[in-house]
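Chain naming follows the written order as A, B, C and D, and within any one chain the residues start at number 1.
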Amino acid sequence: MKLSFRDVSKTFRSLRGAVPAVRGVDFSVEDGELFVLLGPSGCGKSTILNLAAGLERPTSGEIRFDGEIVASLEGRVFVPPGERNVAMVFQGYALYPHLNVRENIAFPLRVAGEAREEIDRSVVRTASMLGIEDLLRSRPSELSGGQRQRVAIARALVRKPRLFLLDEPLSNLDAALRTATRAELRRLQRSLEVTTLYVTHDQTEAMTLGDRIALLRDGRILQTGTPRDLYEKPQTPFAASFIGPYTMNLLKTDLEEEGGVCSIRIGTERLPLPPDRASGARLLGSRKILFGIRPEHARAHPDSPDPGLRGIVTAVEHLGRETLVTADLGGASLRAIAGEGTLKEGDVARIAIPVDSIHVFPD
Amino acid sequence: MGEDRSFRDLLRGYSFIAPLVAILLAFVFVPVVGTCIDSLYREVTFLPRAFIGLGNYQSLASDPGFRQSLRFTVLFVLASVPLELVLGLSFALLLHRPSPARGALRACVLIPWAVPAAVSGKVFELICNFQYGLANYLVQRIGLTDGPVNWLGSTGGAFFALVAGDVWKTAPFVAILFLAGLSAIPEDLYRQAAVDRAGPVQRFARITLPLLRPVFVVALLFRTIDALRVFDLVFVLTRGGPGGSTTSLSLYGYDAFTGGDFGYGSAVSVVLFLIAFTLSVAYVRIGRFGRELS
Amino acid sequence: MNGERRIGMLHLAGAVAMTIFCLGPIVYMALTAMSHRPDFLAPGAGFAFTAAHFLEVLRTESLHFPEYFRNSLVVSGFSAAFSVSVAAPAAYAVTRLAIPGRVAVLFAVLAVSMFPQVSLVSYLFKLMSAMGWINTYAALVLPYTAWILPLSLWILTSYFSRVPRDIDRAALVDGCGPLEALWKVIVPVAAPGIFSTALLAFIFAFNELLFALMLTTDHRARTIPAGIALFEGLHGETPWGAVMAAATLTVVPVVALTLVFQRRIIQGLTRGAVKE
Amino acid sequence: MRSRAFSLALCAVSAFLACVAATPPSRAGTVTFAVGGAPAEFAYWERVVRKFEGKTGIRVELLRQPTDTGLRRQGLTVPLQARISSPDVFLMDVAWLAQFAASGWLEPLSPHLGKEGCAGKEAFFLRMIDTVDTYEGGVVALPVYVDGGLLYYRKDLLGKYGLPGPPRTWDELLRYSETVQRGERRSRPGFYAFAWQGAQYEGLVCDFLEFAGPTGGFRVENGEVTVDTPQNRKALRFMRDLIGKYGVSPPNTYTEMREEEVRSFFQEGYALFERNWPYAWPLHEGRDSPVRGKTGIAALPGWSQGEGAACLGGWHAGISRFSDAKPESVKFLCYLTSYETQRDLALHLGWNPGRRDVYAAPELLAKNPHLPALRAVFENARPRPLLPYYSRLSEILQRHLSAALAGTSTPEEALSAAGREMQAVVTRYR
């Protein structure tokens, strides 16, 4: 099923006045695609999920399932959640505490009024798919976080929904379980080929799970694209710093031009720009620009005459596979992965910056 | 479900509340309004109903019987409510302390609250009986007085018996309120105080009391309004007591109704209603209950 | 460290005193009910067990005690059931459906619970007389239901607001309508709360006296508190043995409820009056 | 979903209707007769009712009321104000008959008097029928039994202390009481010479009127109340001193002493004199009564000889205007006031019949020699003021009398305060 949002907004009215949660959002999710809504808390991603589920009504704009309008205030159309055949996994799993696992999974089928044996077969099939067939008689309160999460997923998938909605399903799990479940969830979604809308604030989840990602902030979509697009071509400083294992270095710099060669000044150091980056910078039209480089792309070496930026090491962090070095370049600090040779605080370090991984943004 | 603007949803929302509002309107609001209107009429069984405006209220003002019951009711509130709060607090402290018998203790403390006031009224009437009541037995056994005390015979004795009966029944209820307040105080505050080597008294004064203030205010107002409208205990234990000296406002109104003077009784109950209503508005605002709902 | 031991002793003494304070009158009531002479405390009188008073109270047809007992159970039962079944949807609407004015409804209802009964009873009397309902169960059940509605709504509201919002959203997504969600998920989940509320409603209705005195005039609908308040033995002078026997029988159901459901009742009471 | 909401509403309504219908109905054509709770009274009425059912086949149900007159009155005013058919026939204290009549609650009886088995007016005490039982020209109630305050005394104790006979004045009563009490206290510490009704209820007003005598009491003429009179003050001071100063009456006189408490106090031998209604006589003469054969009856003393005043009490029967079994009720009322029933009433309960002719019944004279003397008392016993709002005035008087006895106010303060309050009530009900 194809899901599409066209200029959808949602404003909550409460005693303290109107709070716009979603402002004119446009996106669409292809059939079987896993589309991630990524953004900090309060950016409206959960509201969009609720709008898709029909738990909230849009204040303006249209929501379509396979081209057919399911929610539009102007068009006076609203299909209630129960009739949209969507399935949802809530952050707190929302299992029915008064029912055991079997009854929890069977609940949507019983409400739909399916035949007894049919329900039992589907429940057992879905339970075994998630490896929880031996928990059917226990109560939610007796299960671990991971088990409860699997029951929630089973309850969602048992009735083969045309749209699968997940609201930060992994956030309550501990780190180890999270990575394992992430992989399994991906495999499950691929095998069922169900259109999925996945909400998270964790950029690692977004990068590993999403076919495509929409980055949100203050109710608006900043950028949509494949994980690679967002990583390599962030269109805004916010996108740049939000995506990636480490926060991107963003330094205020000045653009200087001498004889057709553009270069940028960082603190006391100067860095010549290659032609394509230079033209991009020139387009920005202002002298002050933001220079961005991901720590994992830069390398910090002990001082040597080779080209690169010079800085005094202020901190060395050993993170297992990599060591992260923070150096002060006359006022602005920059983080990079340590290259060969050891560096300790106070040393002078040479930071090599591969020219093709430079990003430039207007200040 | 979040904000539902469509008319049908509002209708469904209000249809959920409609039965409650309907019943409250029919059996609480309408009667109160009706009583207020009746209080403006001379309505006696042996005379035609006639509008006399504030006639009933003027008679009330000059009626020593009404003044006596007003005085009694206020004195009763001033005597029983503080006593209930102090006793209730000490019970709560006893109940809050972890001990093997805590469950049983809590159950037995609840019993007085669960017993109907009419029944406890009769029991206290027996306790205060002049010839063979328990009170006289204990009082003489301890040697406080030489002969039997005529409890229900004197205004003071009857007043004391009523306060005792009311405190016996509601101190446990107040204890439950304080218990809730106590269990809401985070444990680590006490652990922190213990680290600062604060003794039990300081812990009580600096942590328990201040944090119980909101519960204290709620219990105080809740009990004051309840004690103002006392009827069951007074009707059964002293039936208005010697010389009508322990007739509560509610009983005074009731006697007027059954005596066949609805207008006068309505006027008495309107006065009581106004006192209780102003206090309850204070109760609702001070209680600040709406906080976590909106 | 004798400070702590001293506190321990103090607590023990306090607990014993509290138990005597609370149970003393009840024990004295039961003893008088079982003693052949009401003045068993007087010197030389002595205590001799007898069940005569209980038999007299239950058997004497003119005392109508069994009928009062039945009326009390029926009236309190109906009132508790009605008030809870009316308060539950209202509590659901107040906590779940964001309809405007819901907080105002709550405040108004709480203020209502503060009204003195005497300012309602005379008009109710005229209303019930006009409807011809005096001496029927309706004369008590309806005012009692209205009287305990504010408390029921208040306790249920605090219980419902503790049921996580996601649960009924899950029910909606799973295909239920709002009423179905209330019936199939919210009510079962909040069942302990609903039970506490019904318990408290029952006890409040069981204790009421003023309405019973004015709105019923004979044994066909009159409840126990009114029966006991007007209790007169066959010998004119108050026969304390029989009165205490009637009192003891009356206390049995409420004490039983309290002992068995003590935790539920305490939860209900604290929810009803205090916000954690 | 629509059907579910509808079914919910349906079951709520049906539950409610069930609860209305569930109340046990009262069978039509049955007469409900409300009676008091004095000891042998209830058993006697059951016999009368069985006999009546035997003779007429009409079913009569007895509704037992508490003995406290205030509670009995409320037990009747509430159903009557609610226009409820039950009770059909009820006994009214002579004090509140005026209110019941003026409120239009009583079925007119004049058309039935003297026809098919009903006694005519002349069978009763005429002065009483015309003043107490008549409202706007029609008879609305019939006296079932008549009461007047009497003095019971212990013949043996008077003999033991060489006292000639029952006291004729209050001073004589006081002297006798003090001498006998001093003697008896040695063997019985709880002995108090004179027991009378002092609790705060209608009975206290009756006792007060008797202490005040024929010239005392209170009157209401064209809107003016007179109660604060020297005679009343003297009486009230005397009542208070009997308890306080002289200590010849028990301390709980003004808290617990009502008819039954006084009777058992005297019957257990704790007292020399007792003021009570005639009903106490057969109980004092009962098989296991400690004062059997030692009790005498006399007219109440006065401030001077022969000036005693018996407070007219007694209970009159009337039929509710809202009764749904009026023909049967009339038959029952006439049976109640028939010669046989009235005679049995005097025989079994020792109550004085409302019919004058029964006083000459031979079998009664044998059992109760002083009956003719009683009849004379009733011929001119003084009724309390006949006012529809009498009970309001009486409540005020009760409160102040009780306050005076309890010492919370002096007799003078009590009577003047009572006068002011009663005047306010009278002006309000003009």
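One rule holds in what follows: contacts are C-beta pairs under 8 Å (C-beta built on N, C-alpha and C of every residue); 3 or more make two chains touch, one makes a residue touch a chain.
Values in this document were obtained by computation on a predicted structure and should not be read as measured data.
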Neighbouring chains common to chain A and chain B, by label: C
Separation of chain D from chain A in steps, with touching chains one step apart: 2
Taking each chain's C-alpha mean as its centre, the one farthest from chain D: A
Innermost chain, taking as reference the mean of every protein Cα atom displayed: C
Separation of chain B from chain C, taking each centre as the mean of its C-alpha atoms, in whole Å: 15
Mean-CA-position distance for chain D and chain C (Å): 38
Distance between chain centroids, defined by C-alpha means - chain B, chain D (Å): 37
Distance from chain C to chain A - Cα centre to Cα centre, in angstrom: 55
Sites on chain A at which at least two other chains make contact: 14, 50, 55
Two or more partner chains touched - positions in chain C: 98, 125, 169, 172, 177, 180, 213-214, 231
Residue numbers of chain B (touch at least two other chains): 1-4, 19, 258, 294
Residue numbers on chain D that touch chain B, as the complex places them: 5, 12, 73-74, 77-78, 80-81, 99, 102-105, 200, 251-252, 254-256, 388-389, 391-392, 395-396, 398-400, 402-403, 406, 408-409, 417, 420-421, 424, 428-429
Chain B residues touching chain D - in the complex, by the definition given at the top: 15, 19, 42, 44-47, 55, 59, 62-65, 130, 150, 152-155, 240, 242-245, 255, 258-261
In the complex with chain B, residue positions of chain C that touch it: 3, 7, 11, 14-15, 18-19, 21-23, 25-26, 28-29, 32, 38-42, 45, 86-87, 89-90, 92-99, 102-103, 105-107, 109-127, 142-143, 145-147, 149-150, 153, 157, 161, 169, 172, 178, 203, 206-207, 209-210, 213-214, 224-226, 228-229, 231, 238, 240, 243-244, 247, 250-251, 254-255, 257-259, 262-263, 265-266, 269-270, 273-276
Contact footprint of chain A on chain C as seen in their complex: 98, 164, 166-167, 169-177, 180, 184-185, 188-189, 191
Partner chain C, residues of chain D touching it in the complex: 1, 4-5, 12, 15-16, 19-20, 22-24, 26, 32, 37-39, 42, 62-68, 71, 74-75, 78-79, 81-84, 86-87, 258-261, 264
